[in-house]
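Below: the structure, in structure tokens.
The letters A, B, C and D name the chains in turn, as written, and every chain counts its residues from 1.
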Amino acid sequence: MAKLRMGMIGGGPGSFIGRIHRMAAELDGDIQLVCGAFSSDPEKSKAAGAAMHLDPARVYGSYVEMIESEQRLPANQRMDFVAIVTPNHVHYQPAMLALQGGFDVVVDKPMCFSLDEARSLEQEVERTGRLLAVTYTYSGYPMVKEMRAIIAAGRIGKIRKVYVEYPQGWLATDLETGGNKQADWRTDPKRSGAGGAIGDIGTHAAHLAEYATGLRITAINAMLNTVVPGRRLDDDASMLLRFNNDATGVLTATQVAVGEENNLNIRIYGEKGGLEWHQVEPNSAVLQWPDQPREILRAGWGYLGSAAQSNTRTPPGHPEGYLEAFANIYAAFARALRSRASGDRDFPTVVDGARGMAFIDCVIRSAGSSQKWTEMP
Amino acid sequence: MAKLRMGMIGGGPGSFIGRIHRMAAELDGDIQLVCGAFSSDPEKSKAAGAAMHLDPARVYGSYVEMIESEQRLPANQRMDFVAIVTPNHVHYQPAMLALQGGFDVVVDKPMCFSLDEARSLEQEVERTGRLLAVTYTYSGYPMVKEMRAIIAAGRIGKIRKVYVEYPQGWLATDLETGGNKQADWRTDPKRSGAGGAIGDIGTHAAHLAEYATGLRITAINAMLNTVVPGRRLDDDASMLLRFNNDATGVLTATQVAVGEENNLNIRIYGEKGGLEWHQVEPNSAVLQWPDQPREILRAGWGYLGSAAQSNTRTPPGHPEGYLEAFANIYAAFARALRSRASGDRDFPTVVDGARGMAFIDCVIRSAGSSQKWTEMP
Amino acid sequence: MAKLRMGMIGGGPGSFIGRIHRMAAELDGDIQLVCGAFSSDPEKSKAAGAAMHLDPARVYGSYVEMIESEQRLPANQRMDFVAIVTPNHVHYQPAMLALQGGFDVVVDKPMCFSLDEARSLEQEVERTGRLLAVTYTYSGYPMVKEMRAIIAAGRIGKIRKVYVEYPQGWLATDLETGGNKQADWRTDPKRSGAGGAIGDIGTHAAHLAEYATGLRITAINAMLNTVVPGRRLDDDASMLLRFNNDATGVLTATQVAVGEENNLNIRIYGEKGGLEWHQVEPNSAVLQWPDQPREILRAGWGYLGSAAQSNTRTPPGHPEGYLEAFANIYAAFARALRSRASGDRDFPTVVDGARGMAFIDCVIRSAGSSQKWTEMP
Amino acid sequence: MAKLRMGMIGGGPGSFIGRIHRMAAELDGDIQLVCGAFSSDPEKSKAAGAAMHLDPARVYGSYVEMIESEQRLPANQRMDFVAIVTPNHVHYQPAMLALQGGFDVVVDKPMCFSLDEARSLEQEVERTGRLLAVTYTYSGYPMVKEMRAIIAAGRIGKIRKVYVEYPQGWLATDLETGGNKQADWRTDPKRSGAGGAIGDIGTHAAHLAEYATGLRITAINAMLNTVVPGRRLDDDASMLLRFNNDATGVLTATQVAVGEENNLNIRIYGEKGGLEWHQVEPNSAVLQWPDQPREILRAGWGYLGSAAQSNTRTPPGHPEGYLEAFANIYAAFARALRSRASGDRDFPTVVDGARGMAFIDCVIRSAGSSQKWTEMP
């Protein structure tokens, strides 16, 4: 049995996330990058492909060319799926083309540029029966899966409060005018979409909250700020949340918190217990009780549930991190590709991707309203 | 020169905070508890006074009796000030009586029962020229004073974001129906006032945010919840904030966060740096920068400013805590009593107390409004 | 019933520990400082006494004068006990005088200057029936008492390994030549005794290890270093240990660990579980198991044993620290004074003090030997 | 340019470290596993190779067969190097065969079974000019490289103290009699060698201490224990150290510390500053000073030195871990293979491997001696 063959769209020079996708996909030895359209500049694409030791014949000058060319290859050679790692405004078109071309798709978050695009992608996935994964990385962490399992099993009771926060500091100054490629497109409404921080990291926080709790956000009371003068999109978001079980919460996402790295945190309190997790030290979660000692749950131990255990590669105390969480999404995607009928879909799907786009839309509408609460569909 | 003489109102059997006030007041050897009306039940008051080794003649059956009796004692014997440690509905009357009787006053937070009472106390302090301190304990911590000094000196630049959170878990069930005296009065609108969690701990969080940053909250967008069925006051608050320099923030205060102890935290981000402090490990603060290593500031070191240093009793690594922070408020109050003309008032005054009452009032109005923002006067 | 009356020997200008003893003794409202011989310079003693608001008639020019004068006072006025807070070479004589004068004694650690003095003090305590406490502060912490209780109850099984470490950094340079009074006497063999770091902090570590585990050190394999050139005593100690139950361990104590504050830590492993405690965050202890989540035990909770609970003054999350631990020793001493027959002696006694002196003696002998192991009596 | 081709010896069913080597080697996309002799049982080897999607023709029944067969392949197909991931007693023979067959070698630690074997390997590497890397994983962490760079630059001054500790808990019971394959061979002197814990993890600690500081251990005063009854090798080691610059230190390595995972820690103190690092949270290091705030150095920041930066794949706050550290060793090895003349050898070489064997030998000799110190060659 051969490895699954991946093609990549985007990920050329200056890309951060392309390299991450490649390492994550290949980590478990079940996927191999075989082709790519790494840049809209064919020369840059070629150079990138060469650096990855790819067959030059399968390094393409455009994603259109790639999808068309790969379709013509024999079934045992052509790529199985594409990973789309371009800026947000170049997610939809290649994803649609790939789905229509018979390829499954992994796409970086947010899934696309607008809620309309999201709806359209949902329909196309439905129509074609292909699989689409969105890399909400943080739900790939074993301890996040453990929290989800603990909550699903009712161990902390009905959820009452959810606090999720995602402070970063890297956009505390106007990096975008200084040639930083990442800052450039992420703060450009033509490439990033209607959301700045709320799209880039707020959607991660929202997905994490819903994934861990199994709840759905039903209403949002949001404030969006553009803190850095001259910036064209929000760089700071705070909001109060209502969930579908009457729980409430707070979500913050900011990129102007000077000195913060990538400090995604979540705390969840139920009637019977509480949970806490910090992405920067992802191998621990805290489980706490009204009258017993706080417990530190640690990745790799036998007392964890099956989801946490099967998403861990090392024994306790041999820390795994961001790449491994990312790889867990690819591994789940690969399992689903190999066993489509199983229904095993432990990765963020097109439904989650569309939900993220609805979240961005709802936050922007709420932030523009003088009414307290805006319903989330 | 003699010690300052303190009388106490409240603090009898079942009181948590009375003992704290006594220890804090006496810690630095400059104040001595000399009399008290510890309970409205004279027998209980006597017993409490005896346990504190007080002269039985100065253990009174009511605060009215105490204030009247102490007024008649010679100046070198009578108490210098009273500490009021009763439930909120018994703050105003004894405070007014004491001020009118020529005594300075320390009163536990929140300062009183209603905004009207607060306004009246402000006027009476103004009229009498006495001093009134409100024990917003957490601004007594040396590392909080250090944050305030760092911000005041402009080291982290103009403040942009303030996140303050105060989760506790002790009221996650309806303790009040089970005979818990602390829970009983704190959840009773007749004794606690219009605010539950928002008055009990939310005011601490608001004071901390304003004290550390030197800013003022100007508008609030709040959600108040009563999470535990049957409870008569809010036990959970979340709100978005605007400050007078255009900074924004988030404040949460909840008493239903199962497993949380007294987890007051603050993070503040300016244009140039960020600060973070956690009350449960109060001897550290984190100072962070856009391009330099994070710094851990620790109590007791010579690199700290004078306010932090003068509010510390031990060398680095000999942890001080809650009682010492509390004692710092008493020490500042004692300095002011001994040197009224100095203008040194490094303790929360009647103005801060009234501001706390205005905060409670504003939060409740906001929570009841469908408009997003409610102005804070 | 009156407060217990304390006299203090030492603690004048420049003293760190004198003020600590005064605060700790008085914290719980059961002891009052009533007299003192704060300095061998009568003027300095007077000034110190005045700053503490003492009756000038009871501020003495020498400890001899104090002990003699207090003996002549009526029983209901004279001091009940003395606290000796002088440098080590002035512990023995005042302690002997006090015991012989009918006073109980609290003495700072190490108990005295030499093992011979220790033996003599032990005999005098035995002869007079007075009580003597040595302020090994760290065994006063509630979470240390909890560890002791857990181990005594067999919850972690037979102890196998004990790691105790005590790094400080304040003597990383030759402070003693620059006028630092604390450094001056502590590095002077005529005032400190034969041990430098090993006496000043090593004895704390050894006491903590024995107190927490209930074991006894039986043999030592030590290295003592004088790291800072010109220093006259050791400033760095490391040693391997054997205990009386066949457990082994490691003890380190250094004062040249640049940047370390007062970082006393202990980890203890038994057949069934492990324990860990850090003095700089003293309100937590870690309890860990072979196959269950790590537990964080926190001061103030109802799940702790009675010793931890009764040595805590505040609810969970209201941190107590060094002064409160110190106060616990005074409180236990006070209880013993008030109820001598009870046999309740939850403070380090003359036996512990003598054991500390034997430890210093054994370490020095081991360090000077080319043989691996030196027996500890 | 093609990827480097790796062959693996060992790593079949039940192997922990084989999978780790495969993931680490391939992580950066520059190495590909192409063949293997995964088990001495040909059937198991075949099955393992199939699970890794290898060409069945290149899955061998023995390492002898593999080395011989690969030698016969064309240069552009045959493996470039072998990774030896068998138990310790099967390191030497395949390494010698591979070197003699013209292959470079990666071998898991400890390098071999005995000091004699180590000497012989050193000679063979010298003779053949091949490269040999030993996977002392922990020196692959970026923050360890940062510590090394800080020390090499003299920023913390001449080193005085080194504390390195490596507690694990997994061998706190006699797992080896219960069918645990890892425990079985590691506690068997015929497969593990003369050292138990001291070989398995003590060598990691010793390498880390020497790598980070640039110093050499010159003398050892060791205690070795077999704590678990019936065990055939040591499971617990503690020792005092002397270094070649007169610094001293303490090294502990134990596998009976119940509840510990893989808790390798190091603290290093120089004349001017101190450093601290914990493997379980590997992306931080602490840098501390006598009179300035403690600094938290974090992986991924621009203020770090080039070695730390070039050994990091993700931005700050996207945690990397054990696999990435492991991969850094493979990446350095790959760079050296591609550019043999460069002299760039930022991986543990045969010299380090031999030093580890000398360390084991010295510790065992010291532990058996009644003399305090045993020289390390």
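Simple rule for what comes next: a contact is a pair of C-beta atoms (placed from the backbone, for glycine too) under 8 Å apart; a residue touches a chain by one contact, two chains touch by 3 or more.
What you are looking at is a predicted structure, and each value in this text was computed from that prediction instead of being measured.
Chain pair with the larger contact count among A-D and B-D is A-D, by C-beta pairs in contact.
Taking the CA centroid of subunit A as reference, the farthest chain centroid is that of C. Inter-chain spacing, taken between the CA centroids of subunit A and subunit B, is 43 Å. Computed from the mean C-alpha positions, the centre of subunit B lies at a distance of 55 Å from the centre of subunit D. Averaged C-alpha coordinates put the centre of subunit A at 34 Å from the centre of subunit D. Chain contacts: subunit A has residues 260, 294, 298 touching two or more partner chains.
Against subunit C, in their complex, subunit B makes its touches with residues 1-3, 16, 19-20, 22-23, 26-30, 33, 50, 52-53, 168, 170, 260-263, 279-283, 298, 300, 313-324. Listing the residues of subunit B that touch subunit D in their complex gives 287, 291-298, 301-303. Listed in rising order, the residues of subunit B touching subunit A in the complex are 156, 160-161, 163, 165, 167, 169, 172-173, 221, 223, 225, 227, 236, 238-240, 248-250, 252, 254, 256-260, 267, 269-274, 288-290, 294, 369-373.
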